[in-house]
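Read from first to last, the chains carry the letters A, B, C, D and E; within each, the first residue is number 1.
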Amino acid sequence: MKVAYFPGCTLKNKAKQLDDYAKKAAEALGVTLEEIEEWQCCGGVFTTACDEVATKLSSVRDLVAAKNKEQPLVTVCSACHNVIKQTNHAMQTNKEFADKVNRYMGEEPYSGETQVYHYLELLRDVVGFDAVKEKVVNKLSGKKIAAYYGCLLLRPNGVMKMDDPENPTIMEDFIRAIGADAVVYANRNECCGGYIAMESPDLAKKKSNAVIENAKAAGAEMIITACPLCKYNLIKNGADIPVVYFTELLAEALGVKEDTNE
Amino acid sequence: MQKITQTKLIDKAASLLKDGTVSCVLGWSKGEFDYDITPAVFKTEEELKEGFVWNDFCGANFSKYLIEKTRKTEGKILVFLKPCDTYSFNQLLTEHRFDREKVYAVGIPCEGMADVEKVKAACGDGIIKIDCGEKIAVTTLYADDAIEIDAKDVLLERCVNCKSKKHVAYDELLGEEGEVLESARFDEVEKLETMTPDERFAFWQNELSRCIRCNACRDVCPACTCEKCVFNNPQSGVENKSPANSFEEKMFHIIRAYHVAGRCTDCGECSRVCPQNIPLHLLNRKFIKDMNEFYGEYQAGAEVGQRAPLVNYTTDDVEPGEVFDRGDIDA
Amino acid sequence: MQMNEYKPLIVAFCCNWCSYAGADLAGNNRLNYPADVKIIRVPCSCRVNPMFILRAFQRGADGVIICGCHPGDCHYTSGNYYTRRRMAMLFSMLDYLGIEKERTRVEWVSAAEGAKFAATMNDFAEKVAALGENKRLEDLRCKR
Amino acid sequence: MNNKYLQEDLLRMSGVNPKKCMRCGKCSATCPAYDEMEYHPHQFVSMVENGDIEPLINSDSLYKCLTCFACVDRCPRGVEPAKLVEAVRLAAVRRQGANHLKADMVPDMLDDETPQQLIVSAFRKYSK
Amino acid sequence: MQRIGVFVCWCGSNIAGTVDVQAVSDALKNEPGVVFSTNYQYMCSQAGQDMIIQAVKEHNLTGIVVCSCSPRMHEATFRRTAQAAGLNPYMVEIANIREQCSWVHKDIPIGTEKAIILGKAAVAKVNLNTPLTPGESPVTKRALVIGGGIAGIQTALDIADAGFPVDIVEKKPTIGGKMAQLDKTFPTLDCAACILTPKMVDVAQNGKIRIFSYSEVTDVKGFVGNFDVTIKKNARYVKEDICTGCGACVEKCPMKKVPNEFNLGMDNRSAIYIPFAQAVPKVATIDPNACNMLKNGKCGLCARVCAAGAIDYTQKDEYIEEKYGAIVVATGFNPISMDKFDEFAYNQSKDVITSLEFERLTNAAGPTAGKLLRPSDGKHPHTIVFVQCVGSRCDACAEKGKEYCSKICCMYTAKHAMLTRDKYPDTDVYVFYIDVRTPGKNFDEFYRRAVEEYGVHYVKGMVGKVVPEGDKLKVQASDLLSNKQLHIDADLVVLAAAIEPDKSARPLATMLTASMDTNDFFTEAHPKLRPVESPTAGVFLSGACQGPKDIPETVSQAGAAASKVIGLLAKDKLTGNPCIAHSNELMCNGCSSCERVCPYGAITYEDKEFRMPDRTTLVRRIAVVNPAVCQGCGACTVACPSGAMDLHGFASGQIMAEVDAICK
């Protein structure tokens, strides 16, 4: 099957692996990620104020592009996912806002028809973790991996509706699907301080440390994440266990990692 | 042309009369004109040979007559049932309207019945003679030779959109059994549904304003079998004999369609007998289509003892406010 | 008379156990709704015969609303489930005949929903008033 | 009067109804940036409700909120304090010359690994 | 032709303030059938009623229209008035010109006009009223109590005490309910078992009470005074009448790893079990999901050790049908699931527990024999954090938790905190609260003692997150009064989970046709004046199934419900509602449409012989309504195509007359 794909700015620069591995792994699972043409930056952060219209237009254009392709839109980066999903939700539920946006768009009015999936949701709801399990060639047995969700994937739950925001399981199920052991720890849904890493590096350090310590106390040997911001923050703030993108592990498990290292 | 012959039916009836299985026969007989065929009761072989008719104009559905006849007749009654008639037959049994034991039902195949209006349209007025053979040969006052028409070209609306060639009830079947058919009977309803309310209003205003309240639709309807019809009952609050204005025209037809909703087998008799050619079946079919869509496929009379949609429910039925937007229901 | 002054006539059938009590509660709480709404008490919404609705239109009503207990909460267990089917069928038919669909409505109002009752009546009256006089289903002999 | 206007503006922008708050303090209990803040999430709610908004606009607390939505998700009353914080922040940076982050400040904040999105989002949040 | 009297009530200024009552009575004077019309300040007062009685006599009235408050308020009053005046009580109609007119409209001309129209509608209806006589039905002098907790126990004891037989249906193997799981009770700190178990024994020994334990109600038919109830006795695979409760089977059972529900899964029981020592009936039950013998036919040890021979692996579920005059619902409550509140890590750490679990941990008969030990490692906790209002008082749009206050949590938490400090003075106890609600006798004094005498730290604020790390629970909370975020390393966190009605209540309500609110609590017939009756006649409410309640409140409500039941069962006959369906046999088609929609099975068919005009006879199938069973909903009247079926009191003709009057 083919789906529309939104990589986002960071995946084309600092987080190239997240992007490459995602595409190869999806291909191995029978899903082609078709990058939408001339996609625009999602904006990085979703402004909750309902009178901020212009800042959300770029996300809407991406959503419209997927609608025109008649495909669901898949994202990998947690931040992009959060912004695009929240924008889509606003287009569905806030008529006044949608009207304003559509006046900028000038084409056929858009009202949130595009289905937005995070890559993890694609694995769980479309491919199925059982199918992933079957395709695994390198089982990562015995590896104790802690999933780090951060805040953007899960919250606000009323919009994201990905998983139980307080006790999520989607990444743990993913870890088990590729044959490793999932380490469950309470801070996995607490913020690492990502957005303020430039503004208040000390606060970011404190928050990142709390995550790392809690994961380690629970026995983690490695942390996986879906977010370049989280990865940056955790590594920068002294993670002494590896922090990697979940797509990298997926590619490794599916045996397509080598192809990617050109 | 009908596959089974008139002679065969007369022979069957005569032998059943003779061996005492039945005491009389409910059948078709010739009326004033060849196309004007009416129901009749035959008690002897002679009477049968004299008047029994079976041809392309035997549209009449006899099920309803059984209510009255079974009450008044000693012994069994032989009734010939075309496939569509058998649904009405079952529906009346579901409603306990006659005693099944008093009826000997013979299923007969049907190739579709002719619409006199269409014949007239093809041959003109002044019909004096019709012969039903391979083709329908029509002799009129104004033409020298009989005009031959293919029966397929002049079928009744209900036969064009025949829903079933299968008999759902009989004691004995003559000829071959058919199948339930895929018909396009809801196409017209759909067309109306896609019109604007104003267009629909105009359509029905035009149709129903022609109603002369002859009551033929009610009187022929195998579902309209009330001991006392609400329109004849001063206590009912809706009694009226003739429509004084467009409200009463509409009320009569809405209530009539509503009363038979879930019980109407879509036999099409109402439209067949309407002297004003009002497409009354479009009201009944609207209900049938709605019920199929909202509550699951339901064919009244398909089986005896079925529970009709309007005397049934589920806890998650569609809300009355949601019935208008048809696109959403399908999705 | 100007259009915007048009006062519609609305007949509301309310079941005794939920909606009539809800209307009483609206009164207790002094929640306003138009005086154009006149309530007829019935034991259950399933008592409402389509003939009553047609009769109301015939006599000049501009809108008819049926209120009953919420599905599942019927005092008689299942009465409102029948109402739901009957009215779905009737409303669909009226729509099919080109009668404005805003003139008929079914609303589930519990005994505790005085505010919903008042809000429903305000909204219904407003929608019916916007349509103006009922001309498609009226009996000229019964004109006021 | 002016304050009333600002208050209404904040409530409209954020879509938050502070009257729903039952003063449980769970937002502040859950806030990961609590210790860095002069005014805490529950105070944003009650101060906006009281029209006591200027102190919030002038406070550094606006730039400490992580936008992690923990208070939004965990509030038992559905008040959504983070949206109110954001509204106040916008009210502040939308004022003439009040951008919190200026372009010439950025180079010093970067390192080799800084992801692009961090810069983009910082501008979105702190400048207009 | 009727002779109708119209009586317009001012209701002080309630009606007269917005409706010109004189104009109303004048206008209605000219309506067909009306021979007398007047108005008065308070029609429902003695003087007002006397006025009606006198008018009936003076003017030979045959019908009465009262324009007043809602018929739900005073219809019964004015029917009695009519009766006193020698009229049939059903010749009265009420025009509701208060709740549905004067109270919702402000403008006098508008209110007056509407009141006149409503009055006209009532007059039009009375013109078609006919005298109705209610049927009578006998009363089955036996009560059913559904639920065997303290509410059900108290209700059953009180009813039995008055001499009426009572059956208790309890779905668990023993009666006792939640109270049997508690340790102490606030605010007196009596031991729950010490005051409950004697009552349980009373139930067991009372000759008037039967206990159907491990049973459930599966069907309810009939009506007040005459309920037909089907009770399913689940197979317990032990013959109840033979088992002595010696416990030999429990001891020998090799399958000992079944989570013990009585201790909320904090320890294990065997596959054959007696829930607790004082269980009533004290009879063993085999858990079919755990027993090897029942699952795969291997074992049979319990049968071998049972001296009484009570074990029966072939036992089947049994259905019992019984008649009752009254039914009391006492289905109680449960704590809500903590799944949606995992910021408190309930699913992530064994040391985060609910308050009910805490009760078991401090109960001498509990999994730790009454020693307060952590479930994870059995160590004594030194710092305990109690969190109040978990899932209570939530906004509906938050889509988790309940909107209501669970009412009992403030007090039991004070009790837990106090008892902990009393028994283990070395323990630090924090209680995080939003408000402390103590409106009960000696309640606030109790809470103050916990703070002042026992040194419990009450902190105004909420816990935001609990993070298990190592063997500690890192609690992050706010202290609103000192404007600080607190970080506490706790050993045990106790959540005061909101309570909700038992899940069995919703299907039961459907069976009973008793109404429920959006939270699945049963609604009472009147929130103030009829708090223990359901709006469905003959169904009564006891305990927390009606709303959150503590024990003293539950017991007093249980007694009140019992007195209502006794009042009902003491009657020999009940007067029914005469507003029921009836079929006109001349018009009936016998088509069965009415029977199919009747929710009560009140319609049957018979073959009836008719004499025809031509002197022949005709046998036709016609519908017959059983007046004792029909409740008068009217579903049949619309299903009937011929209009043969009609409803007394709400006849088609009457409703259409009202329509006409309103639309005229």
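The rule is short, and it goes like this: contacts are C-beta pairs under 8 Å (C-beta built on N, C-alpha and C of every residue); 3 or more make two chains touch, one makes a residue touch a chain.
Quantities reported herein were computed from a predicted structural model and do not represent experimental measurements.
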{"item": "Chains contacting each of chain A and chain D, listed by label", "value": "E"}
{"item": "Chain E reached from chain D - shortest hop count over touching chains", "value": "1"}
{"item": "Pair joined by more contacting C-beta pairs (B-C or A-E)", "value": "B-C"}
{"item": "Farthest-lying chain, centroid of Cα atoms versus that of chain A", "value": "B"}
{"item": "Most remote chain, CA-based centroid, reference being chain E", "value": "B"}
{"item": "Centre-of-Cα separation between chain B and chain A, whole angstrom", "value": "64"}
{"item": "For chain B paired with chain D, centre-to-centre distance based on mean C-alpha positions, whole Å", "value": "73"}
{"item": "Length of the line joining the C-alpha centres of chain C and chain D, rounded to whole Å", "value": "48"}
{"item": "Distance from the mean Cα position of chain E to that of chain C, given in whole angstrom", "value": "31"}
{"item": "Residues of chain B touching at least two other chains", "value": "230, 236-237, 310-312"}
{"item": "Per-residue multi-chain contacts in chain E, two or more chains", "value": "343, 465, 597, 639, 652, 656"}
{"item": "Per-residue overlap in chain D, given as positions that touch at least 2 other chains", "value": "70"}
{"item": "All chain pairs that touch each other", "value": "A-D, A-E, B-C, B-E, C-E, D-E"}
{"item": "Chain E residues within the chain B interface of the complex", "value": "586-593, 596-597, 605, 618, 620-621, 639, 641-644, 652-653, 656"}
{"item": "Complex contacts: residues of chain E adjacent to chain D", "value": "343, 389, 393-398, 401, 434, 460-465, 476-480, 483, 485"}
{"item": "Touch list for chain A against partner chain D, complex", "value": "8-10, 13-15, 41, 43-45, 47-52, 55, 77, 79-80, 151, 154-157, 165-166, 190-191, 193-200, 203, 207, 228-229, 232, 235-236"}
{"item": "Touch list for chain D against partner chain E, complex", "value": "20, 22-31, 34-35, 40, 42-43, 70, 74-79"}
{"item": "Chain E-facing residues of chain B, complex", "value": "71, 94-97, 225-230, 233, 235-237, 259-260, 263, 307-308, 310-312"}
